[in-house]
Amino acid sequence: MVNPLFQVPGIVSGRALGLILVIVLAILVYYYMSSGKKIYIRRVPGLDAIEEAVGRSAEMGKPVVCSFGIGGFTYWTMAGLAILSHVATLSARTGTRLIVPTGGSNDSLIVRPVAEEIVRNAYLLEGKVEAFDSNDMPFMSGQQYAYTGGYIGILQRTRPGSVIMTGYHASEAMNIAETSNAIGAITISVGAYISNTACLACASDYILIGEEAPAAGAYLSKEPPLRASIRAQDIYKAVSLILIIGGLILMTAGSDIVIRLLVS
Amino acid sequence: MSSFFKSKTAQLTIMILSFLAIFVPYFIDVPVMTTFSTKLITITAIVSAFTLLLALYSQFRRGYTFIQKKKRGWIFKAYMMISIVLMLVFALFGQETGPYNWVMYAIITPLSSVNYSILVFYMASTGARAFRARNTRALLLLITGFIVLFYQAPLTGAFFPQLTPVALYFTNTFVAAVAKMFLISVTVGAIVFGMRVLMGKETTILGFTKEEAS
Amino acid sequence: MTEQKTEKRSIYRMLVEYDRRIIYLFIFVLIIAPLMQPFSLPIQVSPGTMTYYNVINGLKKDDVVLVVFDTEFSGYMEIQSGILASIKMMFEHEVKVAIAVSHPEATGIPQLVFDQLKGVMDQHHYIYGQNYINLGYIFPNEASVASTAQDFHSIVRQDAYGKSIQGTFLDNVNTWKDWTLISDYTTGIQSGSLINHYGLRGTPMIVNCIGVMISTQMPYVSSGIYKALLESMRGGAELEYLTSSPGPGLTAMNSFTLGHYLLMIAIILGNIGYFGYRSEMSRKAKEER
């Protein structure tokens, strides 16, 4: 059992550092949100692939299939919805049919109306609201594999030019990516689930791994809160990196100060 | 009264108070707050179960409109609604025996198992198609993948036990490192997302559009 | 056009451009054949499985274990061998077992397990309510996991059959501290919640997960939150071998092995085809110049 480096009176043992980190993170997020500074986020290469995919579908006269994942209102779903909005805008602009299969879990029922609103708004802003069809956003099922069956059925029947899987997809992502490849569509996916990432990297033509999806969402939406979040996260990742490298060096030198700090 | 609960301020206030009720006792040991947070969590668990009823209502409302207008595929919608009603009746009156059990174990679970099992075909064809040693990095990846794949086959461990420490080294260092990195990123991202919601910057969760929220 | 039609595809091109259904057919045959005509192949126990075995072996009589079936039925088919072998070990050690489920599809799994382990249960005089209990679907979401960790009896008052749990061995279980061990059989549904509310507080946990989840669970093993990790069907087969209780895992290992080897052969052939076809094309281009 390692002794903590410090203890704050009144705070449960072993949780003081966690509390400090959360408070500092909240301050950082608030600071960047309210600073009014234009925060730079580099353009994620996957976004070019998305634009190329929609353009290809438009040239071939084939629809685009884009899904935002099977989760509820989570970190990944919000990123997925931001990318869906972008895809909807591009589809409306190019006159390409956009199909958005929804479902996969009970939580996705709550997200569905929001996604419908996002797509409708995208069409409205492009002045093509009459092209929006809510029947192109079918709710497959709250059951993961029933959703997969429905999704694959859509791919086999409509033969889209591109399939874009954003948000959180679990094991059904492999089924969908492989079917998409079999029908000759460009496949772009998001590796939100680490277990899937390796398989999706093989099965998809382009992949946005992990944090690239929320960063892409922040880049596209241009909203200060999203960009502030990405900046705060990057700072904390840098802090983690310093702790890891510093801890490694100090542990090798025989000091357990970093471990003691982390259990404080 | 309903306009009060529909307001963004009221929703955010309730959210922040609930958050503090559970967040504070985790760090500061106050027995009264711990008991209160337990009760609040229990209430949340029960209320979230009721969202299924909302989902059911939403599905029936949409389905009814679909069938009434006889849109394309309306017969599948009707089939879905009949299935929901039947399963509800079976579950309420037969509980976990009889027809409910039969539908679950004769239809749903085999279908679910088959869908999951189909993954093996997709994985195999993806592996056969995509693993090409196009450059040095791909070659290194392929060799590493081969070693781990070889190790995963149980027979290999019996005939080539020398491979075990090499494969375990890859799994316990590189794979574990990537998983840890991912975990850190996702955890920080989830916390920041929660903060955005609490600060009222993520209004879609509350059911507001951007125009309504501003 | 006639020229293209009559041009024969070289062997290299065939290796690159074959119909994927050929792979499907081979996989199907290599998986089904060993199941229809079983033969035994040797197996080696991995260090992870040995650790898992040692943790369960270290349980004492009357220790209280929470077994969580955190899986859909499709996942159960993969980790069935680990479930049966490990719970059999627990029954042999005469620990008290409370079974909970976190997915509606898994509500029938406890009865399937009891039916298959009836012999061991009878041998060690397992009585429902005194030595084991089926709590049913009590973990539908994280809030319920959190609630049971803080005050078990506030949310769990009856078992899966509607009977009150008062008077059972669970009377002595109130919070996360009162469990000796949590054994999670998971496809990832509530594993995170169990870690957050039990594991991080100090309740010892062991986990048996599906193959794709192994990499995500590794950080928890190396940080000590999980005492041991049983890796998918292969780990289950190794545990069956260790406990001398052959079951679905060992039966499937032949198919498992052959499937892996087929995949490796397919990758090798694909690469031979890729490099051969590439050099063929560059040779043709040189000739045309």
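By written order: A, B and C. Residues from 1 in each chain.
To be clear about the criterion, contacts are C-beta pairs under 8 Å (C-beta built on N, C-alpha and C of every residue); 3 or more make two chains touch, one makes a residue touch a chain.
All figures in this text were calculated on a predicted structure; none of them were measured in a lab.
With centres defined by CA atoms alone, the chain at the far end from chain C is A. Summarising the inter-chain contacts, the pair of chains with the most C-beta pairs in contact is B-C.
Overall, the chain located most centrally, as judged by its C-alpha mean against the mean of all protein C-alpha atoms, is B.
Rounded to whole angstrom, the centroid-to-centroid distance between chain B and chain C, based on C-alpha atoms, equals 18 Å. Centroids built from CA atoms put chain C at 27 Å from chain A.
Between the Cα centres of chain A and chain B there is a gap of 14 Å. Of all residues in chain B, those touching 2 or more other chains are 108, 112, 115-116, 123, 125, 127, 129, 131, 178-179, 182, listed in ascending order.
Residue positions of chain A with contacts to 2 or more other chains are 145, 171, 194, 199.
Touching of two or more other chains is recorded for residues 20, 72, 74, 214-216 of chain C.
Those residues of chain A lying in contact with chain C across their complex are 144-145, 170-171, 182, 194-196, 199. Remark: chain A residues 10-12, 15-16, 18-19, 22, 25-26, 29-30, 33, 73-75, 78, 81, 106, 109-110, 114, 117, 121, 135, 139, 142-143, 145-146, 148-149, 171, 174-175, 177-179, 181, 194, 199, 202-203, 210-211, 214, 223, 225-226, 229, 232-233, 236-237, 240 touch chain B in the complex. Considering their complex, residues 20, 23-24, 27-28, 31, 41-44, 46-47, 72-75, 77-78, 105, 107-108, 140-141, 143-144, 146-147, 150-151, 154-155, 160, 214-216, 218-219, 222, 234, 237-238, 253, 256-257, 259-264, 266-267, 269-271, 274-275 of chain C touch chain B.
Note for the complex: chain B touches chain C at residues 34-35, 37-39, 41-42, 44-45, 48-49, 96, 101, 104-105, 108-109, 112-113, 115-117, 120-121, 123-125, 127-129, 131-133, 142, 146, 149-150, 152-159, 161, 164, 168, 171-172, 175-176, 178-180, 182-183. Chain contact summary for the complex, chain B toward chain A: residues 26-29, 51-52, 55, 58-59, 62, 71-72, 108, 111-112, 115-116, 118-119, 122-123, 125-127, 129-131, 178-179, 182, 184-186, 188-193, 195-196, 199, 201-202, 204-205, 207, 209.
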